[in-house]
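What follows is chain A paired twice: with chain B in the first complex and chain C in the second.
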Partner chain A sequence: MPGVGVCAVSAAQWRRAMKSGGGTLGTTLPHRALALPTEPDPYADSNAPGWLKFLWRNLSPRHVFIGLFLLVFPFIATPFFTFQVATQSLVLGMVALSLSFLAGFGGMVSLAQMTVAGIAGYALAVLGHSSSPEISLAWVWWVAVPFAIVIAVACAALIGWLSVRTEGIYTIMITLAIGVAFYYLVLQNYSIFNGFQGLRELKPPTVFGVYWRDPLPFYFLCLFWALASYFLVRYIVSAPFGIALQGIRDNPRRMEALGFNVVAHRVAAYTLSGLIAAMAGILLAWYNALMSPGSVGAGWQINILVIAVLGGVGHPIGAFIGAIIFVLLQTFAVDMIDRERFNLVIGSVFLAIVLFSPDGLLGLWAKLRLRFGANQAITSTTRRQA
Partner chain B sequence: MKSTKKIWVRSIMGAAAAAALVGSVWAQQGPVKIGLLATLEGPFAAGGADGMRGAELAVKQRNATVAGRRIDIIKGSSDAQPDVAVNAVRKLVEQDKVDIMVGPLSGGEGIAVKDYSKTQPNITFINGGSGAQATTLVSTSPNFFRFNTEGAQWMVGLGTAALAKGYKRTMIIAEDYSFPYSQVQGFMAEYCRMGGKVPQKAWVPLGGKDYSSVIAKIPKDVDALLVILGGADAVNFLNQYEAAGGDKPIMGGSITVSQDVLNYRGKRRDSLVGTLSAGPYADSYNGAEWQAFVADYQKNYPVSAGGYPSPSLFAYVYYVNMKAALDGLAAVNGDLSGGQAKYREALSKLVLKTPNGDVRLDANRQAIGTTFVTEVVKDAQGNLSTKVNSKVDNVAQSLGMSAADFKIGSRDVPACP
Partner chain C sequence: MKLSRDQLAAWILIGGPIAVLSLWAVFDNPRLYFVTLLNSLTLASLYFIVASGFTLVFGLMRNVNLAHGTLYLLGGYVGYVVADKTGWWVIALAAGFLAAAIGGFLMQWLVLRHMQGEELRQTMVTIGISIIGADILLWIFTGQVYQMEAPEWLQGPIRGIPLINAYSAYRLSLLGFGLAIGLGLWWLLSRTRVGMMIRAGVDDRNMLAASGVNVQRLFAITFALGAGLAGFGGVIGAVELSMVPGEDRRLLLVSLIVVIVGGMGSVLGAAIGAAILGLAETYGLAYAPTYSVVFTFLVLIGVLAFRPRGIMGRPA
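Up next is the complex of A and B:
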């Protein structure tokens, strides 16, 4: 249906542009025309600072509640929960978010997001300090970390540039192939990646007198970057670039005809998602304190897809919800059933969620609200505009 | 409704408070929780399950009670990846609050868990099956103990036996990771010292299928091949070596000459007779304690219930390590107070009675124990089995070298071309 809408409006635009003598088409992009008429701003004549007005307009009690919970959580939970469950969920959620952004808003399912994270982690291990002084260059962290991220983002752009030439299942295949190739590279290369054993003792630095791998500081470090990437994605998908990307997802040929450079937009989307994955990769390396081929193997590539699908691809918050479910299951399924069979529980839960709600947990939530909630205007969550 | 709810809440809170009080008083006499980690997933899933059996056997032999305290085992699983192993151990230690941790199974995991153990100084970590040398040599942890000998120690004696058979030049074909490095070092340290030569080493990827390029490289003038490959890889290699017309005698690493190799059905089957290998145990060893251990294993885990005909390497090493954990606990009469200082003291001094003789620990809390050199023989029915060729006692991690001479084995260390 939205496709029809776009078609109608842009045709009207086109006619108007023709009447007015042309030249205005560039400034009246289709998405501008689509923007809903906004309500008059009730705070227009108040003289409060702009950011306060922005917050007041956009915050709901739900946001405040979740925000407070995230801040208070590490003080009420055990260090184990803070570190292993919450922090791991945040980091894996970031990698899944990068995939969710690509798949949900760009229509490109890339299995190489864990590879990008792994490249960042390995780059950090090689440039910074590790247990293998003959390999690691021992740069200080504030040089090593940005360089590692730049390397990973460059690789993400390269991966994107390679895989945008394909569509659908072929994108999945080529990114899987890239990921597996990287796995075998680090497994069998000893001069840089130290092969099967990988590089150990990757510790975050001690800055401002805080050792950043202690559960509490590390939690807030991960929370900060997870929130930053979440809001980055939220901002991007409603910015002109994100709207164009969604247009390309829905109909690349039409967008091309409208003058958008489809390949450039897609590569840019890969690069941006690579940035998020790279930051997660640095945090993951610090979390595990090691980088070994197992962390970038095919199993983890698929796990990231599972996390994104669990939460619901196309919902930025879904990546984190999926990650929480995934980590909780990974950690505690072993207590629920015969120890030798706990993977069965994990698999059944995943299967049930995907079976009953193709849009993940968030889709399930929306469905339940539709069925049992009070009468309300039906709004599509996936196509919501700015 | 409301009042019942209130009563519920109150009684639960009361019970919790009472439990907390009683708990603090009786903590000393409560059960001892032992975390047990093995690989129940991934490439070593079968070995991990047998490791669990070995550890459980040690607990059963004490009726799950030591010095009046019940022993509770809480199991965890990994897939032989170090990050997964550390996550599982962290859950057992920080969430399930185990007092003693036994595990993990493979080398990379062992090093990672050793690193983690430094952050938990009040918990005692005892190795499960992992055999990486570095675990107890490089940046050692004061609360990580290993009562099994490791990869290099397991090969001591093989060099002597090889020279006795007249193998003066040997080519090595081994998988490319830390455990085979240790095994190669254990062999070469002795073999090179006694005049043997290793002109060539071929490092192949783990799980490789095609060995034709390696077989083509085998020099004509070597007397024997030392093949350090895991089960399926070893059989693949033997098949291809036979197809290529190879006829050199073969020696095997500690995990090479297993049942699947002995059940090998190719034409070269008969030439396997006389194959030497070495390891921490020998199926056919006739020591009374070993025979009793095997009988006990077979009784508790018959083949019909998923056990092996004879305990595997992992069952044996997990048994030894779990037995050490329990014997140490008995030595201090179940007293784990004071951050387990007394318990660790007792473990360091423990002379552990294992099915293969006494094991003591060195200054790095690494076992000094016995190694067997075995030889494949053919019995009257034509079945292949192993017999003990020789037995070396008191094998230490330094392999008889001084601390200054000793270097951890790697692809290029040691060398004697």
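Up next is the complex of A and C:
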């Protein structure tokens, strides 16, 4: 891989080298320095095991607090809250995470992430069990799920290969077109996708004597995969591949001149984000227990963008923050206004965010800290955010 | 015109199967074949009218207006109300054009003007506007299906056409509308002062501003014109297709595919793209109903694979 030599360069130096060019997306998407410690490491001398040192270096009280909260939460909240709010936020957050990885670190805003998730869900429904035995092949779940993920990831790579042929703003158009085309395909096709009806009764299996669609087990299942994809993204963006990807986002021509294969890196980014979206798609299919054209329509494609932008695409956590706010609005704001007018509310919130804080709520938070916080706080924030 | 060997091979590879299938279809059922041909060309005219506005805006401002479908729906609804009140279809056409044009003008003047050059942010803003606009339209007009009546002088079929026998006069008139809009745009772009400025702006915005043209005013005019074309298409489409929430997304998809296939910012490209899309979609529906979208998609893949900037596209 051409990126291997890069890891010797510190991220800060790398960014400085890349900064002067500035890509077309540079004006709207936040650029963040990568979290590599530059000051001397206080734990370097102690002879504790490596993983403990890693934790000492990177763990702060709020991480412990949030981790504990996530573990305890389902035991104190009502099943409705656990399932409808928390679990849905986690799953939607995963899809949004796959978009914010592409947009924030690859500079490619793809609206087809929900389509990739939908392909995974539909593949699961066709390969596994559903209420339409004449369509579903009724494979066992441990065969159907990996196959569904592989199909979706392959489709994601294909979508990526198609859309990276053009640049910047064109990507959004092509991915939207692909997504809406898929919507019309599943809507019109009855032999494989069962048309408007869709495929119903998709249930997670009973493994180890646990029925995984009960609120509590399903919450932990989603939490596990959400955390896994979150840490995967955090790892990738500071790995050589991720750094090369950010270089490509900022200045593709310079990276090309340095010998990086720009197209291959971009397609790989699509594939990786496709993996996250595909896993979320499986969980989403189980969560809704059905796949219908409505779940892959343009409305949901755009909702995913709304979620990612709401939270902020500069940091992987933004996707989950956006998802929580989106789900809370969906669940509760409509009671206060009018059930039918949810789109009006979410559209206005989205517009306000785009107009006044392009970096999303994370950007707003950073601005507030910049205004009210001490200088020290800012530097530590930028170093932590990767 | 001399073709290189590659071009010849491409023509044979793509054109050959199409020609064979067409020949088979003509002998199998000539009436179906020619009716489908007319259907696809008339549909293509509607697509061209809507997509030409989209490509005009994109070509000059590099702004992907994802609220274009919403403007289409707005024009259609306004046209419906006006036709209902006055009974004049021509006034409805003008009203639909004006309503969408004013909507587009306000979008450009109040919001998009302040984020010039931030393409992605502008696109996000148009997404937000489309979500809000679609919901307000749904609020006012509910989810009911509206269908407009064709004006009296276009109602009923035209009889006595060889092979086809009878064909809807209104659908045939769409061809005329498409041609008129196409010629009008050509005249505007190549024969008037505004058109000259638009063409100059497409090539180099900064140079145009430097030579003393009020670029903001030009942008607003172009945006209003592009949005107006969407509204105009909305009134025409309201008779042919019917208006219901969701049509905005469909026409947005159409505009996207037409300009991706045809090449962004080129009116001729929009015409070619609309013709290809209309043919692929209608023939797909006639001969392979459940897979018609796949044809559209194949066209998109084929064009992107061989001409990433579209058929008439030029390097930006």
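FYI, the second predicted complex is superposed on the first by the 328 of 386 C-alpha atoms of A that agree within 3 Å, B and C clash if a C-alpha of one lies under 4 Å from a C-alpha of the other, contacts with A are read in each partner's own complex, and residues count from 1 in each chain.
The rule we apply is simple: a residue touches a chain if its C-beta (ideal position, glycine included) is under 8 Å from a C-beta of that chain, and two chains touch if they have at least 3 such contacts.
The structure displayed is predicted, hence computed values, not measured ones.
S.K.: A:Thr331 contacts which: chain B (first), chain C (second), both, neither?
M.R.: It touches chain B, and chain C stays clear.
S.K.: Between chain B (first) and chain C (second), which, if any, makes contact with A:Thr206: first, second, both or neither?
M.R.: Neither chain B nor chain C is touched by A:Thr206.
S.K.: Does chain B (first) or chain C (second) touch A:Thr166, or do both, or does neither?
M.R.: It touches chain C, and chain B stays clear.
S.K.: A:Asn261 contacts which: chain B (first), chain C (second), both, neither?
M.R.: Once the two structures are laid over each other on A, A:Asn261 reaches no partner at all.
S.K.: For A:Leu176, using the defined touch cut-off, is the partner it touches chain B, chain C, both, or neither? Pick first, second, both or neither.
M.R.: A:Leu176: touches chain C, not chain B.
S.K.: Identify which of chain B and chain C touches the larger number of residues of chain A.
M.R.: In the superposed model, C touches more residues of chain A.
S.K.: Counting only touches as set out at the top, which of chain B and chain C does A:Tyr190 meet: first, second, both, neither?
M.R.: Both partners, chain B and chain C.
S.K.: For chain A, which residues belong to both interfaces, chain B and chain C?
M.R.: On chain A, the overlap between the chain B and chain C contacts is residues 188, 190, 340, 343.
S.K.: Where on chain A does chain B make contact in their complex?
M.R.: 78-81, 83-84, 88, 131, 187-188, 190, 195-198, 200-201, 288-290, 292, 294-295, 330-331, 334, 339-340, 342-343
S.K.: Flag every residue of chain B that touches chain A in the complex, lowest number first.
M.R.: Spelled out, the residues of chain B in touch with chain A are 40-41, 49, 75-77, 79-84, 86-88, 90-91, 94-95, 108, 111-112, 115, 139, 176-178, 205-206, 411.
S.K.: Could you please specify the touching residues of chain C with respect to chain A in the complex?
M.R.: For this pair, the touching residues of chain C are 62, 64, 66, 111, 117-121, 123-125, 127-129, 131-132, 134-136, 138-139, 249-250, 252-253, 256-257, 259-260, 264, 289-294, 296-297, 300-301, 304-305, 308-309.
S.K.: Would you mind writing out the residues of chain A in touch with chain C in their complex?
M.R.: Spelled out, the residues of chain A in touch with chain C are 24-25, 27-29, 109, 162, 165-166, 168-170, 172-174, 176-178, 180-181, 184-185, 188-191, 297-299, 302, 305-306, 309, 340-341, 343-344, 346-348, 350-351, 354-355, 358.
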